[in-house]
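Each chain carries a letter (A, B, C and D) given by its place in the written order, and its residues are counted from 1.
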Amino acid sequence: MYASMHENDALCAARALAQRATAGPGGHADTSMLEEQVCAEAGLWETTAARRALDQSRGDAAHAVSMLRVWAATQPHVQALPVSPDDVAVVRRLSSAYPRIPGGQWLGLAPELISRQLNWTDDDGPAADRPELTADVTAATADAPTRAATPRVRDLIDIAATVPSPADGAGDDPARTVLTPPYSRANRLAMLARGETGALVALAALILGRRQEAVMVELTVGVAAIRISHPRTGLPCAAAEVPVTEVEVVLDADVDGRPGLATGWGASLGRVERRAISLALLDGAMQADGELREPLTLDEQTVVAATDGPATNGFVEHLRLPHYASFASYLANVAGRTAS
Amino acid sequence: MTTNAVADYNDRAPLVPPEPVVSVRRLAHRFGSGCDRCIDLTGEAAGTNRCCACGSVVAVYDASFDIGPHEVLGVVGESGSGKTTLLRCLHLDLTPDSGSISVGGQAINRSTVVMVHQNALAAGLYPRLAAESNVAERLLGGGARHFGEIHSRAAELLNELGLQPERHTDALMTFSGGMQQRVQLARALVDPPQVLLLDEPTTGLDPSVQADLLDVMQRVTEALGSASVVVSHDLAAVRVLASRIVVLHHGRIVEEGIAEQVLEDPQHPYTQLLVSSRLT
Amino acid sequence: MTPGPQRPSTVAALAAQHGRPEAYAYLDEDTKRNVRRAILKALAIPGWQVPFASREMPVARGWGSGGLQVTLSLVGPNDVVKVIDQGDDHSSNAVGMRKLISESAGCAETTSTTAATIIQSRHRIPELDLRADQLLVLQVPHPEPLRRVVPADVAALVHHAERDYTPAWLDLYDAEARIGGPRTAADHPVLVDGARLMSPSPIPRYDVLRLNRRPHPILLGAGRRARLTALPPYIDVAPLAFEDSPLDPEHAGAPCWRCGSTQTYRVLAERRWCCSDIDACRVRLEATTP
Amino acid sequence: MTGSAVAEIAVAGLSKRFDAHPVVLDDVALSARGGGLTLIVGAPGSGKSTFVRCLTGVYRPDAGGVTYRLGGRGAVDVTTADARTVAWLRAHHIASFDGLLAAAPRLPAAVVAARVARCSRPSAVAALGRFHISSLAPVPIGRLRGTDRLTVALAAALLAERPFVVLDEPDRYADPDSVTRWVRRLTDDGAAVVATGSLDSALESIATATGELRRGKIEWRRP
């Protein structure tokens, strides 16, 4: 992304945020991202409960997810009001479609700044004053722009024919209702949003391997204030603040015979970005191609490629890298073809 | 008749047919491990081609025939009689256990044989690509690199076989069975193969489409001049297309003759049963 | 000869004796030797995908690990390294890799195309002319040009061995017949030396048309797929196209708002067209403004 | 026809019976030389069609031989020759009208005739004209009535101008005069023509030899 890496204070702040989050003390491992992933897969946002579940399952994420779901099922259910864009504070925003986008791009807590080289030295700050990550981030959202104030990058793409995505009705909550196929798009997205991360990434990597063009037009990490109606007054009041990663991608697709674009949207609780990117890719792929969809054969080559973790994760996350040149090339080709 | 037609006719066609293009000698193939108690491959037709000991199936046994240029050989028999195995051997999908197939004197090779399958999608055609592209594939395989020329050649062939121009760029999967057969025939016409194999060409098509297709196939087999084999259990279609018929029963050729003779005056009891069971 | 202090048998041991415990330029000597051998083989068979021992790099798979390994296997102390990402030196990934290379190899780094001796680029060919002594390394996600038409790697290998690219020509023909031109935008396959089909990495068609007979070698490293392809200097590279419908480059909507050029490859940025290759744009700007 | 290639059909010892039915042909012999018409007349069901079909290789006789000799260029016995040779003869040398015509039903009659006779379509239309059915030329053969189909087949056989012509009761499916005129022209051109007919067939006027087929045997009539 173009979030310029010229040495300036914004970059230092981003790097500090990233380093501090990883400077784990010797004894106790920092599992904040794992907790967020477990919360996302469990379909509820309670990082302390996630940490407790991970501890009791001795770190087995799958076990922890089911423990959380079991616990959540026993809790009283309060119908939350739909989240309005004004309640979502955007703390990180990127686009790999255009170098500069209206509303700007900024790194925020950038996972790609976290080094991939194991650091064996223990000369970091004392563990005690390592602030609780989410609390600190929430306080910083006071001056962050809201989702409503930030324009959508997808509106910039106007010269390519896009596959009409079906009307998004209100989806049902998979935890409370039994959803039967054929799924509406909203229900499908709701179920996938609770999907197991590895599976989502593996499927998304298979999609990426077969597509001609896949570009992440927008990734936003926001903190959404969830409002419920007050038990006595019935007025909507904020009850919780949940970080949500929202991603939109465009894939190449045939729009009545002509090359065009299919837009995919995906959102996931927490900040594990590859989940949201995979959801968007899956959504986009399921809308593209219509009846020309290619069957997937589980031959050895496909299975080996799909189960290679670093490859699939890296490949799905590489959508965060700039794709301006190839995207511009695809749009030029599409504009050329539809005109002729 | 102004000229003395019969006189100058004499020196045109010799009395006996020319050298065969395809000659098949003692073709035999067995599916399964086989064992010493297998049906004695040299024995008389034992009424079945499944070996009671090891269960292996002698699909084709001791099949020999020749096909000359411009000739169409009909191969009839009920399913399981070895028709398809014979065809797969001719199309090099299968190497027979024994026997030989030679085309124009040398061993058969892939470029000289084209098969029109019962359904186009099984023929290795490309359902998602345009009909025109499926025809163009053989031109491209031959090294053609000029789009305009390939396009006009493919369009010309498709028109000749009755596909309207506006449908040339539709995906093959959107075509009816009969139309897909015509695309396969157009592919065969791209560069005439020495051997053309038609596998159940009219099966599964409704009568009016069959009729059109028979006309088209007759024109194609004559235009190509290649040695053709049409395999079918539809005797009427084979009657129209083939000049000679070979009857297969449990992997053995039980009768061979000109089409009219096999259908009007069958000698072998199985052929008589086959012919008499036709719906007239 | 009297056995002096234990003579180091490997470069790493020698480096360790001189206070450099970790390997030079991040990669161990065996990996560098394997990559160098693969480079030589790739140069000897232009366009052929040579498998190489692709190590796990501190850069994620799909983020340039292949290109990085090629650069690190060739870089020397007096090299000047430039790393660009879609024409831009300041993308976070490009900065990270440039830092890694310059620190681990102790070489200089630059953002100037002319000053650099090794340029590692993702999806763009620098628009300033490169000299024969410069080396261009491209990062490649999908090295196999037939991946969409022949999904099975084994079958694709057979097609390459027999130089039978009918599936690729067929795909091009189908696109030409149905939509009047190739479907591929970036990563249009090229025929190297008129015979071997190669994927030039997702560079736009503007760059594909500039690949022919370049004075410097181009090395294409695919880390995730562990394949290495090379184009030796002055080799014929032509895009896969029919004789009567050549590949046409992309057309931008307006001149670059910074340097005003109309010949360069430009992308949209906030509804304004600007050069994709930042350095070339800067050089042009400095040349025009007094 | 110059003497260079004299066509001859030689039949010897021909006998045929169908399973349990009585003998249809019993030791029949005949020799038809080029330039002459050999007519076999007989009551309905006397075996005329069987005889013709044995001549053209459609039926396999139980015994006997049917040899086609073409001047100095060899001879072929259809009863013993291999199927390819018989098919080749039927396609190039023998013009047969034995009541069997297999063609793609959607083809126009003229095209079918042209294909059987291996000649151009206009000459096929002209041939149909001689039998006053040129109006049927464009009609798909599948839509023709039985008799019209046979008339087209007859026209195709006569049109083919081959050295051997074998016709089964030609004058039943077209007007006898034009058939007689056409057969005479063929014999003048040197073709060896064998035809069958009813007892009072008009072809007897131009036949060089006439025989009556009764109970499997042929009694030749004094000219």
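Here are some notes:
The rule is short, and it goes like this: a residue touches a chain if its C-beta (ideal position, glycine included) is under 8 Å from a C-beta of that chain, and two chains touch if they have at least 3 such contacts.
Keep in mind that this is a model prediction, so the values were computed, not measured.
The chain closest to the protein's centre is B, with centres computed as averages of CA atoms. The chain pair A-C and the chain pair B-C differ in C-beta contact count, and the higher one is A-C.
The chain with its CA mean position farthest from that of subunit B is A. The mean-CA centres of subunit A and subunit B are about 57 angstrom from one another, to the nearest whole unit. Taking each chain's centre as the average of its CA atoms, subunit A and subunit C sit 30 Å apart. Subunit C and subunit D have centres, each the mean of its CA atoms, that are 79 Å apart.
Once the centre of each chain is set as its mean CA position, subunit B and subunit C turn out to be 51 Å apart.
Residue positions of subunit C with contacts to 2 or more other chains are 178. The part of subunit B that touches subunit D in the complex is made up of residues 1, 4-7, 9-10, 13-17, 20, 66, 68, 71, 211-212, 214-215, 218, 222, 239-240, 243-244, 256-261, 264-265, 267.
Listing the residues of subunit D that touch subunit B in their complex gives 1-2, 4-5, 7, 53, 57-60, 68, 70-71, 73-76, 83-93, 98, 100, 102-107, 115, 142, 161-163, 185-186, 189-191.
Chain contact summary for the complex, subunit C toward subunit A: residues 56-63, 65, 85-88, 90-96, 122-124, 141-142, 147-148, 151-154, 178-187, 202-206, 224, 248, 250-252, 265-271, 274, 276.
Those residues of subunit B whose C-beta lies close enough to touch subunit C in the complex are 126, 129-130, 132-133, 136-137, 140-141, 145-148, 150-151, 168-169.
Those residues of subunit C whose C-beta lies close enough to touch subunit B in the complex are 164, 166, 169-171, 173-174, 176-178, 242-245.
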